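You will see two complexes here that share chain A, one where it goes with chain B and one where it goes with chain C.
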Partner chain A sequence: MNRNNANAITLRRRMNETERKKRIFVYCSILPVIAIFAFVRIIPIFKNFVYSLFESTVVNPMQEFVGLKNFVDLFRDPLFLLSLRNTSIFALFVTVFSVVLAVLLAALLVNQSKLSPLYETLYFLPVITPMVPVAVVWKWIYDPTYGLLNYILSWFGIQPIGWLVYPNTAMVAIIIMSVWKIVGYNMIIFLVGMRDIPETYIEAARIDGASTNQVFWKVIIPLLKPILLFVFVISTINSFNVFTQVFVMTSGAQGAPGNAVRTIVFDIYENGFRYFRTGYAAAEAVVLFAIILLLTFIQFGISGGSGDKKIKIGKGGAN
Partner chain B sequence: MKEYSPIWLRILKHGLLLLGCVIMVLPFIWMLSTSLKIPSEVLSWPPQLIPKTFTMQNYVEVFETAPFLKFFLNSLTMSVISTICILLTSTIAGYVFGKFNFPGKNFLFVLTLATSMVPLEVYMIPLYMQMVKLSWVNTFMGLVAPYLIMSYGIFFMRQNIMASIPDDLLDAARIDGAGEARIFFTVVAPMLSGPSGALAIFAFQQTWAAFIWPLIVTSTRDLWTMELGLGMFQYRFTVDLGPINAGSMLSVLPVLIVFLFLRKKIVRGITLTGMKS
Partner chain C sequence: MKIMRKMFLVALVLLVALQMGFANGSSEAKAETLTIWSGYPEMEKFYKQAAERFKETHPNVTVEIVSHPLREFEQKLSATIPSNTVADIIEVSTYANQKFIDAGLMPALSDEVLKFAKADGRYSSFALNNNTTNGVIYGLPLFQGRTALFYNTDMFAEAGLTRAPQTFDEMYQYAKVLAKYDEKGNLTRSGHSLRLSGQGSGVAEKFWFTLYPMGATIIEEGKTPGTYHAAYNNDAGRKALQYYIDAVYKDHWDDQLIKHDTEAFELGQTAMFFRESWVIGDIAAKAPGLNYETAPVPKDARWGRITNVENLYVTKASKNPELAWEFVLSLVDEDNQRWMFENVGWLPCRNDINIADIIERHPQFAAFVYTDPEYEEYGYIPIAAFDEVTTKLAERLVTAFLDSSLNGNSAGIAKTVSDAAAETNEILKRYKLFGE
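== the complex of A and B ==
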């Protein structure tokens, strides 16, 4: 009896000791992480909202509280409106083309063949390469006089095009290049999704007499819907952040004319770091944030209730 | 899955796929080809895919005009430090969020998750101002600071830890008298080699490709990364196509070599962030 009691007390003491050790471990390990996290994420994100409400000077980002004045100015600023328009067009076309092409490629690749590893490697190549070198080479490919693209087009009797010289073609050129860069990423995700579809579903549809076309549209695509939605949203978000390829392809003598492909991030960069209009640039960043938030809500709103295939947002792509 | 299609359809399919491959690879071949050409041949019409005279002069010139070795080492140091820190912080925070209870846990976790979709471009201005206050502008600390942590990494590690490490195992180690830190390093961490590898690849690639942050936070070229160095180099020497393409090759080559060796792991590492757990 006595001994049992003593045992129970030791046990309890030991458990308390374990709990105490656990608590110490939790705080010692999570606090540094939270500290870094606060410093490089949470505080800047929060401060960005604050900055957007202030008139700034070069030395002081919070010179004078001006309320929503920056936002009012923003939507009267032709350069900002132009960059908003350009970015939306860019995001729309890059997303639509890269998703459609990726689905088609994945459909062609879903049946494993001896060449599958080769295809998957080569289509993924642009995804893993950093943006600057590929933007550099594409700029050279688009060269109006000596460029490879105009040469290839000349086989089909097409006259040389000044790809990066004119606003419309410059946009087309950067869209093509960006689709080329990310199509492999989207393709791999669709491929994983398609290979996850149980074969019995497809067999069953075939036994019922469905054609290949019908299997694709009536069985595969509906089952892929959550993944399609995810890729759509992630591609749109990444496209709204476009900067590097625009910076490279619009700079220098062979670059595109300044405002033809001006994007939101480019505008933020110029206002914030070339003209030091911090508050104004922060207001632009708030608009960008709002767009991304809206896209994320669309994603969660639609896929949230769809049951077994839940997908979480990650930082996809490389930019 | 079995092939049901007739032979002509299969030929058409492979034809299309191979054409796609050519489009994917051609820019790289063009880059390599240009980098090995003499100036007069770079601007020749019609363009030649295979140079008539091979030269390494462009590569020599790249190293003479810009410190590309320095850029390379900067990129490497930055990416390695970032990868190690992201692995460490993600695993520790993922473990704590996944296996412990403490006040404020849910709030902190939701906060982590919610910020995972906010890109750097949105908060780079205040972040830069913080660097100014700390005098970290144009220092290595300032360069690497935003890449020490990854919200998605924390979430990803938490999912993996919850799925693959049973509570009983941890309790058994506790009963054996192991301290919490020891349990983490000797029991938990070794069980996470798969997801750690995938996360490491993703983190490394992300930091290596960083452009806008190095662009704003550095002001002298001794801190430039490979990406920034190349971007600036092509900006200033925009007509020297040979050296520019040689510089591009130098930036692409290490990535390509690593990719060809670790293809499966890399594809998994980069797409994992897109997939459900």
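== the complex of A and C ==
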């Protein structure tokens, strides 16, 4: 008995030793990645929070501790409030349109045909095209004199529209372009989700007499809930971070009126990198972070956590 | 084994000795690389030819040239000067560099270059003062952006106009005559291309072309030296804004839908516009068949043109500042300055160089070197706050130009000007530069 106990203890020690070595190996393996991630992500984010409490200069981002003054000033700054309003409008429309359109496109492409890969590629192409050239091309498309869009509209007798000239149309123009850019990504995610839904669910609904509409709304959409949540969260975060297209489309003598499409990241950029108000820009970044965090929690709350956990779909049992 | 080890050691010693020998032998011709950054892509060809010329006397020196559009370039400086990763030499205007000078991030001119810069008659006091902070000169003036009026002579002849406008009132009337519309009333050619849109400070700078002759300016020095306040919340400021609003809404000889600036002039979509001399080189390359002339900026309450000096600075990041300054001096020698003027179009800053033969060959340059005791020069104020002042004024102006309710609304115009001036003063207060 004692010998058995001793063997068991030895075996346990060896296992513990092996386990310990494994763990050390694992930690050592991921340490460089964690170190790089901390260096390029975590530390700057932490520093940003610290900087937001300081008045800054070009050489010293922590010139003078001012507490919450930057935050108080922010909410009195008409340009920040304007950019907050513009960003919210932009995010709302881009998120809603890009999700709705992506679901519809995915529903159309869900049944595989010979041309499916071609359509999927066509819709996905804008996603992989870099934003700067895309924004430049769209700026040409929107040109009031030579733009393709006005040329097409002229076939229907519509007078030239200064898409990027007037505040109301400039925002619409940038929303259209951004939806076009992102919809392919959302579509692919929904397509994967839809193709992962077991055929038996749809067949069962059809046997019960469900119409195509009913299958879509009562079976497919509820089963897509976790993916819908993921796409909503990602689209919202991306939309609140909008910058490149705004920057490109407002530059130059024919650029859109800056304030009409001024967004938070553009305002952060201008304060941080043009006027060197690093502390103030950091405070704006903290507010942006808080907004995105809040919206993500709300979206999780509305969808009941990380999706409908009761329904298990897919061969792997993924929810 | 011992023999092998000995042989290895001998080989190693020989290798090191050989390397040292090569290193000593080549020390005379040690390869050097200088980097130069510019905010004017059209200047690349100038630097390339200057680098080739420099290589004739310095065969071991390679010059790497990088240029970016101006605003992107200024932003690049913001990231690289504080982090000491900037090029050896940068070509930038004082106003964009002032924040780095104030922060102690830019070295002053070397003694040799200072002696060169201060030589009698070499540079105007305007160019040197523009580069001076607390009595220290920081950059060597390379070229100057002076404004003049470009006008299309074919369009003028078609409209029966025989000479350039001489006053702003006259220019307004010319613009009305020169504008063209389609059958639906859409503007197809602007009489005078004003800058009405776009981000950054450009809109305010172009507004200044009108504001200054009308008797106002963006900021002026306060009673206490070194302090400033907005100088356009007055009749002249309101008149300048009125000029723009009338142009767009009352007489509609310009609007936001038509092309603007150099592109519009080269495409024949405007009859007149204000710009610097580089446009001459641009037209020669892109629209060689265009018939045009230039003229001094018209008069109003006063007469003046903007002059923006672009300088060369050797940065703290330079590993070989002596060589960098040597190259800078070569860039402003007579041959290079003349080459730049004739081939790029930027007006040299040096006053002691003969450019008469170039002007004879390209008469459009004449308006840029035109002088008259009454013809004033004004320019960017070398304070760090100026960029924010002009950028925020530009944002307000763009909004105002889109506001048709300001047409015939002098109270609205007064409020727009007053609000903008209040913001200017707030910015100056934040920078602790405000003074009545």
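Methods note: the second predicted complex is superposed on the first by the 261 of 319 C-alpha atoms of A that agree within 3 Å, B and C clash if a C-alpha of one lies under 4 Å from a C-alpha of the other, contacts with A are read in each partner's own complex, and residues count from 1 in each chain.
We take it that a residue touches a chain if its C-beta (ideal position, glycine included) is under 8 Å from a C-beta of that chain, and two chains touch if they have at least 3 such contacts.
Just so we're clear, the structure is a prediction, and the values are computed from it rather than from any experiment.
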First (chain B), second (chain C), both or neither touched by A:132: first
Partner chain(s) touched by A:124 [first = chain B, second = chain C, both, neither]: first
Which of chain B and chain C A:24 touches, first, second, both or neither: first
Chain B versus chain C as contact partner of A:251, first or second or both or neither: both
Chain B versus chain C as contact partner of A:275, first or second or both or neither: second
Partner contacting more residues of chain A (chain B vs chain C): B
On chain A, the residue positions that both chain B and chain C contact, one per complex: 145, 247, 251-255, 273
Contact set on chain B toward chain A in their complex: 1-5, 13-14, 16-17, 20-21, 23-28, 30-31, 34, 42-47, 89, 92-93, 95-96, 100, 102, 108, 111-113, 115-119, 121-130, 145-146, 148-152, 154-156, 174, 179-181, 184, 205-206, 208-209, 211-212, 215-216, 226-228, 230-231, 234-236, 238-239, 241, 244-245, 247-249, 251-252, 255-256, 259-260, 263, 266-267, 270-271, 273-277
Chain C to chain A touching residues, read off their complex: 71, 74-75, 78-79, 82, 99-100, 102-105, 184, 186, 195, 197-200, 202, 256-261, 263, 269, 384, 387-388, 391, 394-395, 398-399, 402
Contact footprint of chain C on chain A as seen in their complex: 57-59, 79, 144-145, 159-160, 162, 165-167, 247, 250-260, 270, 273-276
In the complex with chain B, residue positions of chain A that touch it: 18, 21-27, 29-30, 32-34, 36-37, 39-45, 47-48, 51, 61, 105, 108-113, 115, 117-134, 136-141, 145-148, 151, 180, 184-185, 188-189, 192, 199, 202, 206, 212, 230-231, 234, 237, 241, 243-244, 247-248, 251-255, 265, 268-269, 272-273, 278, 281-282, 285-286, 288-289, 292, 296, 309-316, 318-319
